[in-house]
Structure formats: structure tokens, C-alpha cells
């Protein structure tokens, strides 16, 4: 695989490839690779939790003319650590007559779904745990599995508010899954592959957000909006709906189990931003413009991992920006937005995309 | 209409209505048995048209052994006010509800029942409002006493 | 003989209601007394059918302090400080209602300076109250940032109050015969500074919340209160005016110096949540107008016309005085037996009446709408319970 | 009012009828859009809102947070701020209180108790001035009522304690006559003899003395 400039890119050899490669010769090495993957994902989740929660608090504070945490450490950077300790030490309350097993399980189900998506995201050409050849399908399938945790949490809590929140979440996530998938399909059409690393490489001449005469932009907006809805953040946080449902599905959770929901929300946000960046903003791919080789080679000086982190960070900021600006939508308006606005636009956009692909109409068409 | 005109117009509707003495605003006293009919009449009368019940409360005249029920009425249409007063004996505090005329009366009467212990016949939902359901007595009565009451030292 | 299967369509054709065929189970939930959007300790018993509200039963009394009973043991002057604690966001106006009732009954003369100061403070209070409401309204709709913006701007007004009255919330400032302190030397300067600061902020409120498409969708056509129902339920203030009834005591019974100033009454057209929202935003503009007309021409005079220790006795009789607070008409009904203390004092609280309009508005709407309605009528619970 | 229908038109008509309704403004009508226009105007309104919040985000000077314990040095309460009842003592250590008890009667909550006694000459003097902050609403009535300006409200606000009984304050630093009576005595030693020092007292009100409010504990 070569990029526009003609230099050979690094051969992507993922941890999963290494594991399968090592399996016949030395199973222990393979197990070592698996352990390395588990540790890496665990560290990533913990790190994301620490960084994103702190970032959210600081960003929210500055949107609201406040300072945010300032006490623990310099500008409160250890606030999240302190809060985690506090949550660890708190009593874990299980409501009477709750379905105990499910109640205990729900937070982990919720977290599991998001963590599994982390595995397939190409963070840089060499940093990817498993490069599944149906990556896009995997992302949408496993990502949609997160609703199970929320539903189980709401059901098992033996609380009407929780139940309402869970039902809202169910309706919402399943509806918005459609728009997410349609926007995904647009990119799949452009790239001609379902593999995430290949989708990134297909953007070597330019990111899909601008290369397809606005079709990519529309798909990007739909994908972003629907992703925000899928991760239950304002303006689509009706499943929690603090002022309506007191806390929605996690009303009855406390201590560490609540922290897991919290964590999965933030990891979810990262996943949504990372997938959006990968599909529409070129993932780790530097900003290239077609055949302007001089410009492109300057852009190549910045390492791919930084590009990826920058794009994802920007999208996370935008999602937080949404949250700290917009009010919440009502449940029927949420459905209306999906079924009457996003879905028709998405379908028309998909049709337009197929025409663009058929006649090779985008900027810097492939040869 | 001025205060005197209102009182005059009202007394034409109900001849037993007399001006209430010692009152800074136009006020009439009506016998308790004719209250409901009287209220309906002044609500419906186009010249009076008392469409809003500003407030309703009761005063415990312990010495005279009666509760005085006060209805401050207002006509947004004409911009005039009237206070209607009626008395019920303390040992049999019963009066007919006006909640079918002004919806707010339903809740204002509940409040008066809760704190003063006046019973309203024809009230759709007469029960305690502020106090707990098992509260003993009616605190705004002048002879009310309970263990929590503190005396101001003089 | 073959039996034709009876279908849903057959049942409907036979006159059976679809609702009864597709019956769902209704359930009750307690919204409050500890609920983020019932602002304090209001409890709403809500009968729900899925997301749809079928019935709302307000349960009040969680902060009942027996202020009316306490009033019977306190002199008129001492009672004023209890009136602060009714609707704590309109403390100045509450003081004024009782003070004015006493002044009218006892025949205490008030000079123009006192009247102007009172009017100015009441209007500042109205702005302050609406700022807080705006913030809380945003929060109830899910826009938490609005909440902090509202509080941030309210802080400026509270500082002005603190400088002049010595307190931020329960000020006990207006007393029979005058005001507790003369205005602070910096009062005029600071009020002007506040107006200059707040006017652009008000436009920002419009951009951030009023114009927002989600807010519009959440508020337009939601919770319609017809003028007839509004009057029958006895709502006052912005709730009544939003229903299309231009009733404002500041115009119709111009007390204070309201007779001398130009201002408009904002009136709603539909009586929905949006109208109630808009009326309050517009009222802030009108309050700014009133303050601007008065702030440069505060007459000279004393700030207290009677001695603060003078005994106040009302002649025997029945007195009623009412005034427009930020939430509606607050009335003070005083029954005097000629002594220093009221024989009976009753407070007609605006929130008490306004609250019950929820029962007329909410049925048939969603839970989220119930929150919007509750927020749009802007109840302060201690005022309901007294 | 009841005859007005609930429809928008009827209300508008009624409003117009009221002589152009001088002094009223009507709420603006809803702007209607088609599907495409609605999407774009909706997006525009969202972007405008985001611009407002971003404006604050990018200007750290708009932050209004004050870091409380750190800013103690610069934190000044307004001079009229009412939070702590105090009895000012002049440079000779004398106060103005004559134990007349007017403040005690003026207090709506009975949070002041003036304990008076008799001096050698049989004149009324202040023994102990007890102020119960836990029962105080800071209404300023006592300060207004005092004919001698013996008490005043000051701005100290850090008075949180873990036990309610610790909120009883004794305001006078000595038991004895007021400044005006003391100033008549020229000899400082003689004067000091009349001022029986009492510690700034805060705690259970007095041994054997019931708190001013019965059942208050």
C-alpha cells in the first residue's frame, strides 16, 4: 500500500495478527500477546476515565464562567483520582426486591460493550489491537450491545423512574442505530471496504468529510448527531434526564457500580468520537490535499498518533460543547428527529453517495 | 363601580346582605345559608361579574363563638373588589362549598379546613392540606394548644 | 359451519373503543418531595400511562411553618421579617405588602423618597427573581449552563441589595413608615452599572435559550392555560398575563410611584409555556425601563417617617392590601382588634393559586412537559405552605 | 374574561379591542418554516447558542468564581452586612449598654437576653448580654431599637460550629455600668473597679440559667 506521495506506509501488523502468528510456534507467546492486549485496553479505559472526566469538568466550568475543580493537585488534576477513591469507599446499595444478579451485572455489561469497540480502532498505523476485516459491522453491532446494560439496569432496579429511563433509552438507541448505520454505509460506499484500517488508508488523498461534494459532510453531521444520541448525552440524555427522571436508569446505583456507568459513558464518548474521526476525518491520516505533494509531506511530519488524538479530542470537545449549550429534547421530539428528519436526509444522502461513487465524482478521484 | 354602588347592587340581589362594619374596603355580610346562591349570583351577574376569588380565609372570633369566613372577590372585567363575609357557629362550622363557582376555592377551602376546621358541604376533596393526616386539632383556632408551641418571653 | 375469526377491526366496527382493547396499566409515581425539578419540597403525585401524564395531584405542606399563626403573636413590625420567608425571591415586595397594609390602616404618611426607593428595590427584585427563574428554567429543560448564567447575573443584583440593605435574600428592608436604611451612596452608580451590564446579557439569554430550536419545540403549544381557567383558578402574575389577561396591579392600582413611570404589560397570546417564558423575559425589559426612569430622580427626604421603636396600633377592622410580586399578587389580609398585634393575619400567596393550574395543564402531556410546565409557572414552595 | 375563547385569534382580537391596549405588548407569533427551512433555521439557532457558550469558553476573564478560603485577605463584606451582633467597646474598654432591655422586647425571636443587676448605688447595670445566634434571623430590629447605639451588626460570617449550643454569645466584656456612667468617674483605678471582667463567653448560656427559648435545644 502506498500513499499519494509514493512512500511506503508501515505495514499494519496488529496484536491480533501477532497472536495468530505466534500461536503455532509458541502458545505462551500468544498468551503473552493476549495479556498485553488486555492490559493495554484496561490501561486505556482507566486513562480515558481519568482524562475525560477531568476534561469534562474543566470544559464545562469554563463554558459556565467557573473554574471547575481547583483543590486536589495543581488546578485539581487529581480530582478524578480522589473521586474514584471516594466512590470505591462508598456503600454499594442494592434496593430491596431488586433483581440482584442483574442489578450487579448491568454496569459491567454497559462497560463491556464499549470496551470491545476500543479493540478495533486504528489509533495509528502500528497501534491497533485487532484489524477485523468487517470492522465497521463489528463497531455498529458491538456498540449497539451497550443498550443491554442500560435496559438491564433499569429493569432490575425495581424503580419506576429507572424503568422509564431504560425504556426511553431502548427506544432511542435502537432508532438512532439506523441513522448511524446509514451514515456508516456512505463511507463504506466511498472506501469500498468494511475494514477500518483500509477506510483510513482510503482517505490518503483527502478526508471523506470534504472530498465528496458535501455528501460526506452531511453524512458526518448525521453520524455525529446520531452518535451523540446513541451515547445518551445532552441534548439526547432523556434516559438519564436528571430534571425529569431524577437519574433515569442509574437512579438506584451508588458507589463503584455508579462509577462504572459513569466510566462507560465517557469511554462511549471516546469511542463515538474515535469512530467518527476514523470514518470521516481520516483517522490517523494527516491532512492531505490530493496531489499537493509538498504540502502533504509537511503534514506527514506530525506523527499519525497525534493526528488521531487531535481529531478525536476535537470531536470530544464538540460533544461536550453540545452538552453544555443545549437543553434536552422531549422523547417524542427525539423520535421525530430520527424518523422524520435524520432518516430521510440520510437515505437521500446515501443515494447521492452511490451516484458519486458510481461516476467517480469526488475530488481527487481514485485511479 | 364605587364601593357603595357595589354594596347597593349586591343588596339588590340578596336583601339580607348587609355592609360589614369596620372594613376598609367594600364588604358585605350574608347569612351562611344563602351564601352559595348569593355567590353564584354575583359571579354570573354581568354588571358585577366577580370572576376571580382572590383569597378565602376564616377568622376565629372566640369571644363571639363564631368563625367568620371571608371571601375577597375581584372582577378583572370591571376592576372592582368585594369582600363577602359570613359567619358560622364554632360548634357547628358548616358552610356550602363555592368550588363549583371558582375552581381555586377547592384548594383554598381545603386550606381553611386544614387550619381552621371549617367543614364545606359539597366539596369534592375535603382533607388535610398542609398538616399530616393524623394531626390533632386545627392550629389557627384561637384555643388551639399543643406541646410544641413556645411562648415569647415578655 | 365455519367460525370466522373475530378480528380487531370487527371489534372496532362493533363500537368498542381501541383504547380499551389495547389497555395499558397506569401507575403512580411520586415526583418529589426530593426531585430535582420540584424546587424544594413540593410533591406531585402523578398518574402516568407510559410517558403520558393522566393526572397530577400536588401534595403540599412540607415546609409549612405556620407563619399566619406566628403572626398573631408578633407586633406588625416584628411580623415583617417573617414575610421575607414566604417567597424568598420577592422578599422586598413581601415586606412592602405588609408594611403598606399597616401604613394604610394606621394612617402613616410616606414621603416620595421612600416610595421611589421601594419601587426601585421592588423592580430590582423582580429582575433578580426572573434571572433566577430563567436559570432554573434552563436547568429544568436540561441546559445546565443557563442555570449558572442566571445565577451569575443575579449575583450582581444581590450585591447591590447587600450593599444597601445588609442582606442578600431575606432583607427585612421595607418597614412600616419607611425603609430600614437610606440607600447606600453607591446605590445609584451600581444600579446603572448593573443595567449597562445586564442589557446585553438579556440579549444573550435570547440567543442561548429563547431562540434555540429545541426550546421552541419544548415550549410552543405545551401546557395551554385558557384565560377562563386561569381566572377561575385565580392565577396571577406572569401566569395570568401569559394567558392573555392584561391584569397588572402596577398599572391598575398604581401603588408606589408606578403611576409616574411608563411601562408596558407583556401579555401572552396562547397561554402556553412559551408565552409564560416570554412574558417573564419581557418583564425584565420593562423593569429595566422602570428603573431607568426612576434612578436619576430619587427625591430628597428622610428614609423613615416614624421612629423605629414607635408603637403601631391599627384601628379595629379588616384590612386587605395586595401587590404584584415577581410571581403574582401577594395579598395581606389583616384583622385587627385594635391592639399592637394582628388578631388574624392571612397571606394570599401567588404561588398557592398558581400551583393548582398544573392540574389543569398537565393531563395528556408527557413527563418532560410536566417539568416544563412546573418550571414555567415558577413556584416557590415556602410561599405555598407559609 | 370568561367569555374570551382560548383560541389565539380571539385573544388577539380582544387585545386589539382594548383601545390598541396602551401599555401592553403581545408575545410574538411563532415563525413557521418548511422542512428544509426548518432544518437550516434550527441548525442556525443551535450554532448561535454554541457561539455564546464558546465566547465564554475562550475568554477566561469572564470567570466569576472566587476562591473562598484563599481570598480571605481581599474578601470584604459590605459595611451594612448583617451577620454578627456585636457590642462595640471603646478604647477604654467601655460599652454603651445600660441594660434597658429594649432590644430584648424588639427581638421577634427572643434570641436576646439581657441579664441585668444592681450596682452598689442601686442603679441598673448590665451583667451579661446573651445573644443566641441559632435563634436569630438577622432582622436588625435590636440594632434599630437600641437608643444608645450599644449594639451593631458586623460582617463576620465564619461562625459555623458543630454544636448548636456554641452559638450562644455573650457580647459584653465586663459586667458593669455603661460608658456614659463610667466617664463621670475620673479616676481610672476606681473605674476599673466597677468593671468586673467577664470572659467572652460562648457556650451553654449560664449555669442554672434556662436558655431564652424554652425547649429550644
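A, B, C and D are the chain letters, set down in written order, and residue numbers restart from 1 in every chain.
The criterion applied here is as follows: contacts are C-beta pairs under 8 Å (C-beta built on N, C-alpha and C of every residue); 3 or more make two chains touch, one makes a residue touch a chain.
Since the model is a prediction, treat every value here as computed from it, not as a measurement.
Closest to the protein's overall CA centre, chain by chain, comes C. Of all chains, the one whose CA centroid is most distant from that of chain A is B. Computed from the mean C-alpha positions, the centre of chain A lies at a distance of 44 Å from the centre of chain C.
Rounded to whole angstrom, the centroid-to-centroid distance between chain A and chain D, based on C-alpha atoms, equals 51 Å. Put simply, the C-alpha centre of chain C and that of chain D have 23 angstrom between them. Residue positions of chain C with contacts to 2 or more other chains are 74, 145, 152, 208-209, 212, 214, 231-232, 245. Shared contact sites, meaning residues of chain B that touch two or more other chains, fall at 51, 76, 152. Multi-chain contact residues of chain D (touching two or more other chains): 1-2, 46, 49, 52-53, 64.
Residues of chain C touching chain B in their complex: 60-61, 64, 66, 68-69, 73-74, 104-105, 229, 231-234, 245, 247, 252, 315-320, 322, 329, 331, 333, 335, 343-344, 346, 348, 352-353, 356, 360, 385.
By the touch rule above, chain C contacts chain A in their complex via residues 27, 29, 35-37, 51, 138-146, 148-149, 152, 208-209, 212, 214-215, 217-218, 366-369, 371.
Here chain D touches chain A in the complex through residues 35, 39, 46, 49-50, 52-54, 56-57, 60, 62-65, 67, going by the rule given at the top. Put simply, chain D touches chain C in their complex at residues 1-2, 4-6, 8, 11-12, 14-15, 18, 21, 23-30, 41-43, 45-46, 48-49, 51-53, 64, 78, 80-82, 102, 106, 108, 137-141, 144-145, 147, 153.
Across the complex, chain C meets chain D through its residues 74, 77-82, 145, 152, 155, 159, 162-167, 170, 172, 180-181, 184, 204, 207-209, 211-214, 216, 220, 224, 226-228, 231-232, 242, 244-246, 251, 263-271, 274-275, 278-279, 282, 308-309.
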